[in-house]
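What follows is a pair of complexes built around subunit A, which joins subunit B in one and subunit C in the other.
What follows is the complex of A and B.
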């Protein structure tokens, strides 16, 4: 090869490399072609609220999606019969009210008559019936399990829908009302098999906003529904809501500070909340959780099957110290398994087990446990504590639990692992103690059924408990439609679980949401990181400052 | 040469097949399956079984593997479990961003690394050389996300010179869109270059020092060739060969770095897609992304080999 050839090759190499990268990349990146929904704030009278989210929408089909971040966008489009208000109580949304007939065997929802789909069609009882029937037919999402008792659904007129149940189930209406998205029958029925319906374009919704464009990895633009009866003026004050994707929550915080977004959809981590202290324009809003952190004991372990051992473990957890150090004091200690956020079930008879390692030791000695080899630990009392290591708070809880249990002579091993591995282990029962955080329970009855029924209907009976007494108590309460009697029965189960120490409930975390208060006001925050500031109702109330 | 090209091509195909097979089985060896994450909802075992059937995960592993290979030969990467969308469509959306990011970082690394390496070699033992050695070794220890976050905090948030994350301002059009694209690209590229530059410049320096001591360079000097001509024309052309191989190999690292960089900078590339799909155990997306990256690395390495052979005919023997 001659020198001139090599020289030519050098130029060729550079030219091809540069050209290939530029051409391939730029041609594919698209540079905002066909992305015409982006006209920004003011000037033309538009008001755009920009919200940070951590992940892309994985599934646009609201009947099927199980993702929290999907639900933020989908719930703003598709109404629900009920919503959860600031105090964790069910409030009317599409349904004006609800009740039971036929000794609790028929649940009746009366709908508002002023909700409209964005294509002008009214939202009717037929839409509700269609949504529920399709969920049952294709077993879609997590609502299918809540419809287990439904034998038939009837839309008696345009605003009345009746669910006939195989047996009374007290929180049926609340559970289905809150969780089930209502979709437009006239749009979705054309899709055929709804388990395969992506619903990723030409959206028709009846919430305060409806998706207009989705640019994966970048942003989701939602336009105002010009007819939304739950907004103060009959439509939202915002003309547009835009979700921008920041997978790293630290980057999202910088974007808020920088004015690139106006609200973080995700809560600010407790450890980072103080960093906003010196920023006057950022306002923090605090809400409670609908779930809680807990230590749950596997009853298949022969030592953990003993009540004294579980009680001793409960006495070995310094929950107050955990709240102070892990959550900077921003949490509420729990006593029984029902979250204090459900105030009507508040059980004054129950007090948390005191942190008392010596008392725990005495209890275990009385139960016959000894320290034969003098290593400071009771013989045979060694347990693994499994947790999801991506949850920094729980991982720290396990470390502190391990240290405090050692003082009571109980040896614990930290078995915190990657999230999927952890979930696979909990699913197959391969753990002694499960340290985790329940996400969202919208009512205590569903929680107790899911976590303690021996049939394990929700797959989250992490105790692997098979107790005839608990089954009887839970099923009895579930069929009670008289509210006062129902509350008493729930309180009684609360007491039994506490005495048995099936779990050690730890704390209800407070979530903090940050938004730019110099630009927007009027958010209505609801408990939990599922709802937070971004519910349909909240976004419909937001208005620009000034 | 034809035989050489053929043997390299066969090796490349074999490597890609091994990558496909390894990806397929390794993903399924991970604890949990795509329904594991859904266990927290009220999902009954029957519903889980139904989902696994929909995903085809209820069939024996070898059967899944054979059917996957069959589909692959027809260019079908499958349907994403979570997004109910063909994996090809998802990847086609994301790949250009990663190519732009990694490709620009690659070119910038070369453009800066070559002069630095050459300069240090020519000034061997003097302070520019010492600085390069210290910085090069230090660069090895840099962790991409930390560098990325530092750049973002100081150059983005504090000084406000660069945007906080994203790839482009979606509201820009025409020339302004290109400017916005370049503006958004600076910090992610800088963090990848900072991590890559050290090893590359150091390798080039070492090769250059060796080459500059060769007889033919001394002969060139005796013939009265200028230093510039000796170093840049005769020296660099020979010293760059091993560095070229290194760059080929480092392409894998670059892509790995892109996973983390894209996550911190909210860059919509394949790296971030992988990050999200791992959490969801979305096998088809992960398989598709890994295969595509494997193909990219294998093709780049094969091209490097061929280029090497063109530049250095002894290789072909």
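What follows is the complex of A and C.
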């Protein structure tokens, strides 16, 4: 008897739960209304900037590999030698300027003398030397690969640091300058093995803000550094910056509209940009990208190792339609692997493969492929397309790619999986076609080295390409010190990759960031969703309205 | 309370039993709530069967992005301009296929384990422990873990959901089977020299069939919720439409607040399917309750 009653109860519980889900869905639409005005004016001239982020900080050690939220928070604490400005150019940060000596075999940074750690100590060349040496010693993060050629580092005085290289490498100073975090030697040297140092309390930084407290899953509170020379008044106008965690972007957008946060750290999805159309307080800021979306072909696959097959696949993606729908037109199509952001290096002679399923079919027929069983697909041409299912745009791209490739007689299987599974498969090479997005390339040489060298120094040679010709072309370009010749060599590699169709570059998207313009102003947005509105420099310039 | 009575009905000779079963079915469908839920289920099945005749398979892109419901798009459109109505109709297919197939897996496993446990004492001890352990496991996290490891497809999802749903069926069937096993006619069969297989399949199994009908409905509705849940978490089959995937698309593209139609209609579809399956199952159980039938 009791079992039957319990079971009955259970059934009602199911019914009630389902009803609640539906009610939630309904209330979602209710939230859309009556929210245009009625701003919750705090009126106290509050100078706390609240920023929404979708993920927690997973690592507080700035010398290691960082997720997006990690780098937002840590970049506001630890200075870099250079930053990327709003025009995607390197600009001085801790370094006043930099140059090369000794025929390009020594890189010299001249530092500012007015940066101070929050414990009162000045930031010196010793800190830079210490940071770089520890990265090399423990092979920390992605910067370790950029320091490959360093033979020795010398701090000649408090504001001069010299990197002696084993061979000239043109983008060395820019790459290291932008990526490397400078940490306080007097704090970090006490920690011992820096590959195991958590750095999760008692923070000492020299950026405009320094972490004060961290509550996982909720908020990260940063206090102002009273000495930050890049802020207009010698210190930031904001007294506090607070990151709040909203795992769901829909909730974050509602929080911004309701005034619970003042800025979304993550970009607003293209499809949802309309959300703020009728909201006067919210201002959208558009920036470019430093990476791009791409389809990369695994060369270990017998069929994908053939140039014709890769070219046919490139002709089966309707990139223009993808840009028009998935990105609402807010992106730029690419031809070769060099992004148009690097206008100097982008080979404008090459054209994207046209969307031409019939042409692709003809190319495959000419290459000897047939459809023996008459199912509309070429025999033996069936590939899985791997992607991270949490990336909204890429999953849509794969869905459309699968449909358009079917028209060309190529059978694709959508293998968009949970993020960690995807990363594991990418690492072990278990995919045919990799659909993903590269986040930030700060210069084309580093990009080509990490994506095409057979030694795979950056770990992102998703082609698993082992080509002597490509190795030779890339190494040759890397050692070229004459700028004009260097540009020509990059342009040539751009062309070779395009002809080989090692990858199908898709688009460089624009990101849109939303902030509450009725409360704060003065953001200096840099390109990419990694930098966006929340760089140290940008936060230091922000002031409250009125 | 209904359990012992259920067996009493199965004990008499064949004709009255069939008569009683038929009466129960009639009685079941005579209740308005049961009839209505069966009608809803029938409509869903028809939608699933004739999906290609009702709407084109959703695909491609169009310029009508995020349009609210209208004559041209009954349930509105999503951020690619695809028709939500077509997605819901095609989603019915996946949801029903997974619901039915997973509940059949659960039913076959659950009935087999339940019946054997009920009849063979030695198996019972082990079977009960396994069932208890399975019932104590947090199934959703486990399903998420498994679905993340294997490549998501309709087949793998069905197997995962079915394999995690059997213990409840097994427990139900076992408790009923224990009662039947103790009945004198089972002893009679044994005296007549019937084999264990014959007793379980010919004597005990028919006595638990009504219970199986109820569990199919309830397990299927749970399976539909599980499938929607897994798809919403991005662990569904990316190549086939399902209600959970429509919800996931809305959530992932950040349009939950501006495109209510994209979440409302698939949610309603889940609500109607689960509610009607649950009500139909409950009413079927009730219709066999002698208190209602006057003995």
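Odds and ends about this structure:
Going forward, the second predicted complex is superposed on the first by the 499 of 546 C-alpha atoms of A that agree within 3 Å, B and C clash if a C-alpha of one lies under 4 Å from a C-alpha of the other, contacts with A are read in each partner's own complex, and residues count from 1 in each chain.
We adopt the following convention: a contact is a pair of C-beta atoms (placed from the backbone, for glycine too) under 8 Å apart; a residue touches a chain by one contact, two chains touch by 3 or more.
Computed from a predicted structure; not experimentally measured.
In the superposition on chain A, contact is made by A:274 with subunit C only, not with subunit B.
Legend: residue contacts after superposition of the two complexes on their common chain; A:420 is shown touching both subunit B and subunit C. Comparing subunit B with subunit C, the partner in contact with more residues of subunit A is B.
In the superposition on chain A, A:258 contacts subunit B only, with no contact to subunit C. Contacts of A:389 after superposition: subunit C is touched, whereas subunit B is not reached.
When the two complexes are overlaid on their common chain A, residue A:246 makes contact with subunit B while staying clear of subunit C. Contacts of A:58 after superposition: subunit B is touched, whereas subunit C is not reached.
Of the two partner chains, subunit B is the only one that A:457 touches; subunit C does not reach it.
Contacts of A:472 after superposition: neither subunit B nor subunit C is touched. Annotation: subunit A residues 1, 18, 21-22, 25-26, 28-29, 31-32, 248, 250, 254, 418, 420-421 touch subunit B in one complex and subunit C in the other.
The touching residues of subunit A, when paired with subunit B in their complex, are 1, 6, 9, 13, 17-18, 20-22, 24-32, 35, 38-40, 55-56, 58-59, 61, 66, 139, 141-142, 144-146, 195-198, 200, 215-219, 244-248, 250-251, 254-255, 257-258, 260, 418-421, 423-427, 439, 446, 450, 457-460.
Within the complex formed with subunit A, the subunit B residues making contact are 30-33, 36-48, 50, 54, 82-85, 90, 92-97, 99-100, 103-104, 106-107, 149, 152-153, 156-157, 160, 163-168, 170-173, 177-178, 181, 237, 263-269, 272-273, 275-276, 279-281, 307, 310-311, 313.
Every residue of subunit A that touches subunit C in the complex is listed here, in rising order: 1, 3-4, 7-8, 11, 14-15, 18-19, 21-22, 25-26, 28-29, 31-32, 248-250, 253-254, 268-269, 271-272, 274-275, 321, 324-326, 328, 389-390, 392, 395-396, 398-400, 402-403, 413-418, 420-421. Subunit C meets subunit A in the complex at residues 1-3, 59-62, 65-66, 79-81, 147-149, 151-152, 172, 175, 218, 221-222, 225, 234-235, 238-239, 251-258, 260, 263-264, 267-268, 270-271, 274-275, 278, 281-282, 285.
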